[in-house]
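After this come two complexes, each holding subunit A, first together with subunit B and then together with subunit C.
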Partner chain A sequence: MFAHIFMNRLRCLLRDKETIFWTFAFPLALSLFFYLALSNIGKGETFQEIDIAVVNDSRYQEDLYFKTALEEASKGEDRLFDLTLATEEEAGKLLENGSIKGYIKAGDQIELVVKESGMYQSIIKSFLDNYSQTFKAVETVLRNDPKKYQEVMESLKDRKNYVKEVPTAGGKPDIVINYFYTLIAMACMYGSFFGMRETSDIQADISPLAARINIAPVHKLKAFLSSICASMLIHLVVMLALLGFIRYVLNIDFGPRTGYVLLTMVIGSITGVFFGAFVSALVKKSEGIKVAVLIGVSMLGSFLAGMMYIDIKYLISMNVPFLSWINPVNLLTDAFYSLYYLDDLSRYALNIGVLSGFATLFCVLTYLILRRRKYAGL
Partner chain B sequence: MIVKVRNLVKRYGDLIALDHLSFSIKEGEIFGLLGPNGSGKTTAINCILSLLKYDKGEIEVFGEPMTPEAYHIKRNIGIVMQNVAVFNELTVYENIDYFCGLYIKDKNLKKQLVEETIEFTGLNEYRNFRPKKLSGGLLRRLNIACGIAHKPKLIILDEPTVAVDPQSRNKILEGIRKLNSKGATIIYTSHYMEEVEQICSRIMIIDKGKAIATGTKEELKAMISLGEKITVESYDVSGEQLARLKQLPNIVSVEYSNPLIEIKSSKGKNNLENVLEFIKKENIPFGKIYSELPTLNDVFLEITGKELRD
Partner chain C sequence: MPVYNLCMRIIRKNIPSLLIYLFVFVGVSIIVSSSSANPQKAVNEFTRKKADIAFISKDDSPLIEGLRNEIGKIANFIDIPDNKGDLQDALFFRRVVYILRVPEGFAQKFIAGEEVFLEKTFVPGSASSAYIDLSVDKYLNTAKFYLEHMDNISQEGLVAYLNDTLSEEATVTVLPARTKTNLSNLAYTYNYMAYSLSSILILGMSAIMMALNDKDLKNRMSCSPISGTKSNLQFFLACLTFSGAAWLVQIIACFILDLENVMTLNTVFFIISSLVFTFCGTALGYLIGSIVKGTEAIPAITNVVVLGSCFLSGVFVPAELLGKSTLKIASFTPAYWFVKANNQIAQLSQFDLSSLKPVFSDIAVIFCFASAFFALSLLIRKTKRYN
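Here is the complex of A and B:
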């Protein structure tokens, strides 16, 4: 009997275009949209070397300290500047035609010539200020107490770091991935459409089809279990396909913990399916209203988890943490986030624990409603 | 007795849907539950099927109390719901196979029964169609096929011909007779008195949850005083003539709605002959004249004071 109901249910669900659209096609299309819309975010913030020129006159050639400092800052892969040696006239032309952001004139007072002010110009100025201050500090020490030279040099190297280092799971900081995590979390919750169908097709007071199944010599919960297993299987396959698409086609990184990522997806999918089953059992309204409720709750959850505007997630976490903990989409997003960024699994475990609690709660409440064998009205 | 219902009471708040309803159905009968919409027919069926809680009463099916867990009883019941209850995503064949499979575990037997049912309901050429592609009549036939494929001993058909074209309706009624001739006991609910009259061996008329009369159609008609209904088509008849017509023996009422004179008479001999003689004597010009025996609607009308169609 299990196989009979299960197989037929698979057929029904796979041919249900509306459910497949919401659970698979819609998140897939949305992920593609995210990819196209967000792929340039972050790239614009990648640091580019600053094109500068220095007036190659005798003052520059004689100021060995400054010359060395500037050459050091223009060497290697992580260089700050792309340096050009030029006459003042050439440097002026380069600045005029936009080839450089500014040019430097060495001397007792180092001068910076720029055409406009902006981030790059500020960086050049900051570099020059830093050099002048350091140089003056060393010069003063040497003049007053040459014995302290070594001590000063050591203190210059030993800059205090006020940022605490947290062990990471190896994920590179990327603002975009959070959008995809919320999208996957939303897709997990869209499993609620499957759950809704299962409850509608087993509650005799909801549909004539369910009444017919209730009249058959099959234990109601056995029939429900067979059906919901079919739903769960399809939803997991759909989610796996979505995850595969995002990971391998859109190249969104989930970090090295694939097993945990899959576990998160499985628990998220179970939560989604039982959430739909519960809402459908509870809300004795038309299917349209139930669909509206499910979409509304999932979208609101996704919004609060930062799907449309990333800062919302942090605002909610800081100001209304309770809302973060009762939002399954946020719990899922946070679980993916923890797996990607954090070496320690405690935050992940907490998210998954709470989410599993929700899944269990929805499952138990659905059972309590469904176990009714006779109805007060049909 | 296949079904025994005693003192069944079902309330929806203040509304009494079933008011001490009692009836029995014998094996091999086509038992008709006739009543207007909202009279309690479907509620009674849902109580028999143990889908609906009821406030009072006892229900036995196949001699045993009916409960939701009585799977051995359910195995022998087939239900055809008022609303079409099939899966839109499954084909005709798959739908019948699915519902048959809920009752029959043996795969070969199930296959055989499904094929027989498709043949029986005339759905063979539509076996691979999805329900949305079927006409209203074919959809009703599919609905019936899903309810009878497992060859139940008791088949309950709840208004199976609603919104069905006459051709499909006749096929459905013919099919029900065939099922009955093969040994199935049938409960047939309808508000179409002609259908009930046509196929039911025994009828219970129900109104406001109460059984108002039970018997064969002949027995029911014998319960009322109306013997004959004579209709005369005439464009020229005076009020005095109609008043004199009413004075004839056995005539109960005379109503004129141009051009039809409707004459109701009580049981008795020569009623039509007397009317014809009167028309001849009075020189009333007339077209058609026809006489009808009372219908179940007349039975309902006389007992409740309202039309069954209301």
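Here is the complex of A and C:
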């Protein structure tokens, strides 16, 4: 009997194009839009060689130290600047049309001319400050002991880097990835549309189909379980396809722990389906109202998990951590984030633990609402 | 006017779902206008850009205190608890862009000439990281220089030398900025209309079309004493009322939220571009209503069409952050030209023909899209009728 109900239910659900659209095609399309719109966002903060010009006059040509310093900083792979030599007039034009961030005038007091304040302009200034300050340091030392000239000049060449990068075990802090994680989490919660259908189709006072199922000589729990298994199977396949699309077509990194990523998706999917079943059993209103509640909760959850504005997730977790822990979309997003970015699994385990708790709670509550329901008249 | 009244009744029935988009629009507009409450003053004075960093020190020597002060000139120190999870979270969500850790006994070893390093965790390849590195290396290299050449120097004496040396700065001249209009926040609000207005127009128009496409209703209308021309005219009048009202409500919302710029010429051009876009949205709604068969499919198609074009055209994410190929795809949607026109209008300070030409050409493209949508839907309807 299980196989009979399961197979028929499967066929029935696959014909429901609307639910398939919202659970599969919509998140898929949204992931593509995210990819097209957000793939350039991270590049804005990447350092690029700064285009600058220097006024090529006699003062610049005569100031050999400054000339060498500037040329050194504009050479090699890790260079700071892309340097152009120009007359003051040309440099002014280049600055005006935005080809350079600023131009430098050599002299006793080095001058930087810019159009606005900004990160790149500040870096140019830091470089020039550095030069003037080194000059001042040399002056101070030589004033103290003029004989050290040769020694001092030699030591200037020996500049060291004092900052060493500490390698982190997890992935890169790529902010765009979180948008895709919230999207998968939202798609998991959209499994609630399947759950909603299952409870609507088993409560005889809600739909004529449910009334027919209720008079069949099958235990209600058995009928319900067989149907919800079909729903879960479809939703899992749908989620697997979405995950595969995001991972292999859009090339979004999930870290090396594929097994855990799949486990998260399965638990997320189960939570989504049972959430829908629970809401549908609880809200004794029309389908429109139930759908509105489900979409409202999923969208609010997605918003709080950073789907529309990434900073929200961090703000909530810092200021109202309770809200982070009761939001299934955030728990799922955070589980994916932990797998990708953090090396230890304790936070992941906590997220999955709380999420499983939610899934169990929705399941038990749905059962308690649906069981032993008798209808005096329909 | 029975056809007109019928259309109005259908719209009234759909008002709750249409209102959602209006609320989203008003909400976003309020957020955008409140974020522009403190407009940036045009300054002709150079201010250093400050990066947000976490500075964790296990060494409280004067040398490190001096380093902290020096970095403080170019960075804001953000307090983050010193545990791995919190620090990694802060870096991922850009609360800080750089974490600098000073190991225990750093200053002592540094003064003794041992090879020591500060530890950094940062957003790879970021400009702020290059900026902080430059400052730290400058401080420590100057300190090393003094240690090598000044005999018997104490740590306090070293810091005094460093403070004196590092106060030397290059002169920066900021060219006087040309007076340039920048209403980018207002442009963002008008651009957002591409989402809310299109959604409202497509949903409303398709709802009317779905009802009018009903076979029984069509038969009933064709046997009524109202001529085809008259009923068509009433239908178009209803569409005009609906789209005009949808446009007017959002324009009024824009006015209320930005009273300061209502009387500018830029607003006049914003109004023109949004009006042409409304016409285009109505045409698109008419086209979708002519193609789609079931009412369930309408929200699905609306969401994909509207969200897709808005994501690609720079409505949600500013167009300058989008890739070239994305914008090329987007140029096949009217939203792209609407956003382009609005962004240009926001920059307008002179209203001569040469400055207005690009704006008008973008508006003309939107108009062409609208005409194409109308022509296509008329063709589809005609083909359907013959079938």
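A few notes on this one:
Just so we're on the same page, the second predicted complex is superposed on the first by the 265 of 378 C-alpha atoms of A that agree within 3 Å, B and C clash if a C-alpha of one lies under 4 Å from a C-alpha of the other, contacts with A are read in each partner's own complex, and residues count from 1 in each chain.
We adopt the following convention: a contact is a pair of C-beta atoms (placed from the backbone, for glycine too) under 8 Å apart; a residue touches a chain by one contact, two chains touch by 3 or more.
Nothing here was measured: the structure is a model prediction, and the numbers come from that model.
In the superposed three-chain model, the partner touching more residues of subunit A is C, compared with the other of subunit B and subunit C. When the two structures are aligned on the shared chain, A:Ala37 is found in touch with subunit C, with no touch to subunit B. When the shared chain is aligned, subunit B comes close enough to touch A:His4, but subunit C does not.
Judged by the touch definition given at the top, the superposed model places A:Asn319 against neither subunit B nor subunit C. Judged by the touch definition given at the top, the superposed model places A:Ala211 against subunit B, while subunit C stays out of reach.
Shared-chain residue A:Tyr375: touches subunit B; no touch with subunit C.
Listed in rising order, the residues of subunit C touching subunit A in the complex are 43, 46-49, 51, 74, 85, 88-95, 97, 100-101, 116-138, 140-142, 144-146, 148-150, 161, 164-166, 168-175, 177, 296-297, 300, 303-304, 307-308, 311-312, 316-317, 321-323, 326, 329.
The touching residues of subunit A, counted against subunit C in their complex, run 17-18, 21-22, 25-26, 29-30, 33-34, 36-41, 44-48, 80, 95-96, 109-123, 125-137, 140-141, 144-145, 148, 151-152, 155-156, 159-166, 168, 170, 172-173, 175, 178, 310-311, 313-314, 317, 337, 341-342, 347.
Per the touch definition, subunit A reaches subunit B in the complex via residues 1, 4-5, 8, 11-13, 15-16, 204, 207-209, 211-218, 220, 373-378. The touching residues of subunit B, when paired with subunit A in their complex, are 12, 46, 49-53, 68-69, 71-72, 74-75, 77, 79, 81-87, 89-90, 94, 98-99, 101-103, 105, 146-147.
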